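Heads up, the next two complexes both have subunit A, just with different partners, subunit B and then subunit C.
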Partner chain A sequence: MNVRSQISMVFHLDKCIGCHTCSIACKNIWTDRRGTEYMWWNNVETKPGTGFPTDWEDQEKYRGGWECRNGDLELKSTGKARTIFNIYHNPSMPTLDDYYEPWTYDYQHLFNAPEGPDQPTARPISMVTGELIQIEAGPNWDDDLGGSPVYAQNDPNLKGLTPDQQQQLFAVERLVFFYFPRICNHCLNPACVAACPSGALYKRGEDGIVLVDQKRCRGWRACIAACPYKKMFYNWNTGKSEKCILCFPRVETGQAPACFHSCVGRIRYLGVLLYDASRIEELAKRPDEELVEAHRALILDPSDPEVIAAARASGMHDSVIETAQQSPVYRFVKEWKIALPPHIEYRTLPMLFYVPPMSPVMSNKTNGAIEHVSEELFHDIDDARVPMKFLANLFGAGHEAKVRYALRKQKAVRWYRRALTVGDVEMSVAQRMLTEADCSPEEADAIYRLTSLCTFDDRFVIPPSHREEAIQMMQDPLEHKQDTGFGFLSGPHRGM
Partner chain B sequence: MAPSSNKPHAARRGQGIFLLLSSVSLLLAFPAAARAQQPADYFRQNCMSCHTIGGGRITGPDLKEVTQRKDRAWLTQFLQNPKVVMDSGDAYALQLQQEARGVVMPTVPGMTPDVARALLDFIDAESKLPKSQFAGLTITDRPFTSVDVAAGRNLFLGKRPLANGGPSCVSCHTLGTIGALGGGRLGPDLTRVYERLGGRKSVGTWLMAPATPTMQAVFRKTPLQSDEILPLLAAIEDAASKGRQADSSAQVNFFLLGFGGMMLGLAVLGTLWRGRFQAVRRPLVRGEERGAR
Partner chain C sequence: MTQAFRNADVLLFVVLPYLAMFTFFLGTIMRYFKAPFTYSSLSSQFLENQQHFWGLVPFHYGIITVLAGHVVAFLVPRGLLLWNSRPLRLYILETSALIFGLLTLAGLVGAILRRITVSKIREVTTTLDWHVFALLLIQVGSGIYVAVFHPWGSSWFAAAATPYLWSLVKFSPDLGYMAMMPFAVKLHIVMAYLLIGFSPFTRLVHILVVPNPYLWRKPQVVRWYGRAEAPVAERRA
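Moving on, here comes the complex of A and B:
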């Protein structure tokens, strides 16, 4: 057992209101520089929709992530031979248009325009070329199905849905969508790190944050093709790749990352998971239907004495093990099993998990009156407006079992709480539903508390970084002992 | 310490080499007797390709008794830099140029007033002989046969290497009869070389000892053999008689071939990589619009 710690995340999609506050918080801190205008390290997508960059989930086109070839895990986008033959033209590279051409407006024109018969307008200007442009797309062009039917109908997750289901999904009366906020998943088996020819990308040993060494990056851009979530970005100004850094300067000082901190819906949870690094390769090779379970098997119980002993042996500080024991992520993912990894079939083992969203049941329109197919408006999972298959494509590698389990448990908790607080549901029915959903009343209570009543400290359990220890690797704290004395960085000298 | 002491040391060594070289050059310069024999060699290397002594005009005039035609001062000055004298509008110089059909005598390398005087003395001496060693090449006047032409073409194209190892003509020159692509473009087209240099004899003499700096550098150590010159002349005459100058059409053909080859290459690469990633969003949107219509 090789125990490591990873700062992991849970996004509770049932709570996301799609306000994009997270994206703006991130943009204002990190990507408001020249060359990064088009980057959105954090973005919120509307599902069904093609997201950012357009259609990123279609790995037939973008060729991101890993695949099992002859019993080996190999990158889809590149390999040694492919790298050599394509070194000056990396294939599978999204174009700027697939992201969007960032723009601003010619506001000065409003003030400086010569007198004329019409009101002056602020015309859009490209932030890359500075020329006037015709805006064709934006980073969130299909927000709230704004781009439908062009964008929503091309969502790769619609694969496997019957034409009837697909048609129903977009019928106006049944129109449904949910939000899918995304940041870098800080994967356990990151394709970007594996693809980098310069060795510039690395996964931090102490907390698993994946970073780009800006000094070593040579701009080959192999990471951009390799990342299946398209969360690697190329800064055209510096000629280096950049990505979400999980606000490590904030995390190291005990603060939640900006997108987490600013989240209006409080959908984001952050905490430490302990995992067994020695089994990553073995488990990442499992067949698609076993992947979700295999991913969970990697995560270790931080209260298990054996795990604690192994964690100490690998140099982990006791305080990190303690925060791992309080981790909200561990409870969502491993104890309650209601948070699922996105697109686990890319085999990068993402460490950001999603609680799948509930949706109202389907309805029919007869003679102008809308009738719901089920009386249980918010609780009939298989008749929900978002088809189970769609969610399974997103969170279960196409297999519905794990997603159904998570939704059933959420549904049972709702009924249980309704029986307790409203009283229009028989408690015996609610109890039966809990049992069917593999949930005890205590667990239901805990889920309810962490979902609805969670405080800042419940949501973010950030491990101490022990920078005072880390700094000792670089500097000797006793270097100036018996030398400079108080208040001096360099020794005092006689005279002026 | 070591690096700083290096520099003066190197300078000292440089001085030593300079002293050695200058003493060697002094040794070479002093024996005037040895230098006196050199005008013959000098004439062979630099003058013979255009001038004879008593052999009649080739590219340049016959130099027999040249000192009686014009005074030595003028000749010495002319030899220093022919072009300057011609440009000055000197009547005699212009007449010479006209006789040579516009060919300007090149400035001869290593020509000093001393060398010029020695050279004129040498020409005087040779003029008095009944037959000078520079009376010029005797080249047969017989019409060339197709066998000669074929052998000449083989030599020109390098199918038969030159006996002394010199590069074949086609590396730098072209000829009207050697195919659509022609030969090298570094040197002039040789199809009409007879008109420029003045006939079989002049060209033959030129081939014996080429006078331009480029040709000299290439052929000084690997001269053409006399049995190679005749077939080459045959090939040149053949090209002149067929009258096609390789020039413009060959250049266009060459460009077209290159352009066509490039387009073909691009087409092949485009076909090989037609499945490559180009764009996602635009085709997606365009496809939807087409589908809707």
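Moving on, here comes the complex of A and C:
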């Protein structure tokens, strides 16, 4: 056993209101520099939809992630030889057009326009060239199903849905969608790290944050194609790749990352998970239907004396182990099993988990009226307007069992709370639902508390930073304020 | 007049190469340690994809092959002369070298046109880049001119230029046949020295950081701040 700690995340999709506050918080801190205007390390997508960059889930196009070939785990985009041959021109890399051309407006014209019969306007100008442009796409162009069905119908997750089910998603006045906020998953088996020809990408041993060494990145761009979540970005100005850094300067000083801190719906949870690094390769090779379970099996019980002993032996500080024992993420992922990894079939073992959305599911019944007491207590989960198959394509590698389990448990908790507080559900019915959903009343209470009444400290259990381990802290990041944002003293200029 | 020419030859073929090599080593090493952030391929594929393919791929494959040919002639001149002793083999070698040279030129022209025509690419092109393009264009152009009008380069390079280059390496410069070389050949050699001498200050340094450790390193990279090595348990496993 080789125990390592990983700062992990849970996003509770039921609580996401799609306000994009997280995206703005991140943008203002990290990506308002030249060359990064188009990047959204944090973005919020509408599902069904094609996302950002367009069609990022289409791995036939971008060839991201891993696949099993003859029993070996290999990058889908490249063998090593292919990386070298494609180094002059990467055939599966998204370009600026797949994201969008960032723009601002010619505001000066409002002041400088010569007097004339018409009101002057501020026309859009490209932030790359400074020329006037026609805006053709934006970072959330299909927000709230804007532009449907052009965008939404291209969602790769609709694969395997019957025409009826697809119809059901887009029926007029019964449209259904949910939000899907995304940041870097800080994977256990990151494809970006494995693909980097320069070895510039790395995972931090202490907390598992995946970073790009800006001094070693040579702009070979292999990571851009290799990351199946398209959370590697190419800074066209500096010629270097950049990515979400999980706000490590904040985390190291005990603060939540900016997107977590600013989240209006309080959907985000952050905590430590302990995992067994020696089993990563073995478990990442399991067949699709076993992957969710295999991923869970990697995560160790931080209260198990054997695990604690092994963690200490691998040099982990006691304070980190204690934090792991209080981790809200451990609760959601391992104890309650209601948080699931996105697209586990990419085999990167993402460490950001999602509680699948319930709300649109619940309001499906006749004429929008919720029928909450029925003989078949869970049957409307399978009849839902968001087809189970669609959620399974996102969170279960196409297999419904784990998603159904998570939704049933969530529903049982709701009914149980309704029986307790509103009283329009009979307690006996609620109890039966709990039993059938594999949930005890105590667990239901705990889920309810951590979902609805969670305070800042409940949501973010950040391991204390140890000065002796956190080199960034000793170097004082504030000293480099307004510099590159990556902790060294030279401006991010292109070339010499 | 001959004396003046001789002085110019010494300046261009003895002083310049040493100056160029000195600048090259000092410049690249200092830049690597003082400004590592500036080492990058500075790829612009992200901004424009189509012309990039038709320009950059032929250029790189062309120039790498041609450069490799020069290196072979420098390292194994005897072997090359032996190979060229049969006319058919000579023709095959010269023709393929010319083809790769033309491939390089076509790619280079494509890359330059792309820089001129695509406004997004112009945005990431510096004055220095234009100088590099000019140097490369003269270099590749003169190389092809020499290949066509002064045959058979692969043989006379091995017989005449290689001894001269080795005399430089051994620090006992001997101009030998160099003084008698036609203008185009001299231009080609001088431009090569200029390219080498200027390269530390340009984007050409990306040649020096080709990803060699990639082929044999493990897929995953983990860095620990507290310790240089991975923990004991991991090393044992």
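Everything below uses one rule, namely that the second predicted complex is superposed on the first by the 446 of 496 C-alpha atoms of A that agree within 3 Å, B and C clash if a C-alpha of one lies under 4 Å from a C-alpha of the other, contacts with A are read in each partner's own complex, and residues count from 1 in each chain.
In the analysis below, contacts are C-beta pairs under 8 Å (C-beta built on N, C-alpha and C of every residue); 3 or more make two chains touch, one makes a residue touch a chain.
Note that this is a predicted model, so its numbers are computed, not measured.
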Quiz item: Are subunit B and subunit C a fit on subunit A, or do they clash, once the structures share the same frame?
Solution: fit
Quiz item: Is A:D55 touching the first partner subunit B, the second partner subunit C, both, or neither of them?
Solution: first
Quiz item: Is A:G398 in contact with subunit B, with subunit C, with both, or with neither (first, second, both, neither)?
Solution: neither
Quiz prompt | Touching partner for A:A137 - first (subunit B), second (subunit C), both, neither | solution = first
Quiz item: Between subunit B (first) and subunit C (second), which does A:T95 come into contact with in this model arrangement: first, second, both, or neither?
Solution: both
Quiz item: Is A:P124 contacted by the first partner subunit B, the second partner subunit C, both or neither?
Solution: neither
Quiz item: Which partner does A:G205 reach: the first (subunit B), the second (subunit C), both, or neither?
Solution: second
Self-check item: Chain touching more of subunit A, residue-wise (subunit B, subunit C)
Solution: C
Exercise. Report for A:N154: first if it touches subunit B alone, second if subunit C alone, otherwise both or neither.
Key: first
Practice problem: Using the touch definition from the top, say if A:Y234 reaches subunit B (first), subunit C (second), both or neither. | Solution: second
Quiz item: How far apart, in whole Å, are the nearest Cα atoms of subunit B and subunit C in the superposition?
Solution: 5
Self-check item: On subunit A, the residue positions that both subunit B and subunit C contact, one per complex
Solution: 93, 95
Quiz item: Of all residues in subunit C, which touch subunit A in the complex?
Solution: 31, 35-49, 52-53, 56-57, 59-61, 119-120, 122-124, 126, 128, 201-203, 206, 209, 211, 213-215, 217, 219-227, 230-234, 237
Quiz item: Residues of subunit B touching subunit A in their complex?
Solution: 276-282, 284-285, 288-289
Quiz item: Tell me, which parts of subunit A touch subunit C in their complex?
Solution: 1-3, 80, 83-84, 87-90, 93, 95-96, 128-131, 189-190, 193-194, 196-199, 201-206, 214-221, 224, 234, 236-240, 277-278, 280, 310, 313-315, 466, 468-471, 484, 488, 490, 492-496
Practice problem: Within their complex, state which residues of subunit A touch subunit B. | Solution: 50, 53-55, 58, 61-63, 91-95, 97-98, 136-137, 149-151, 153-154
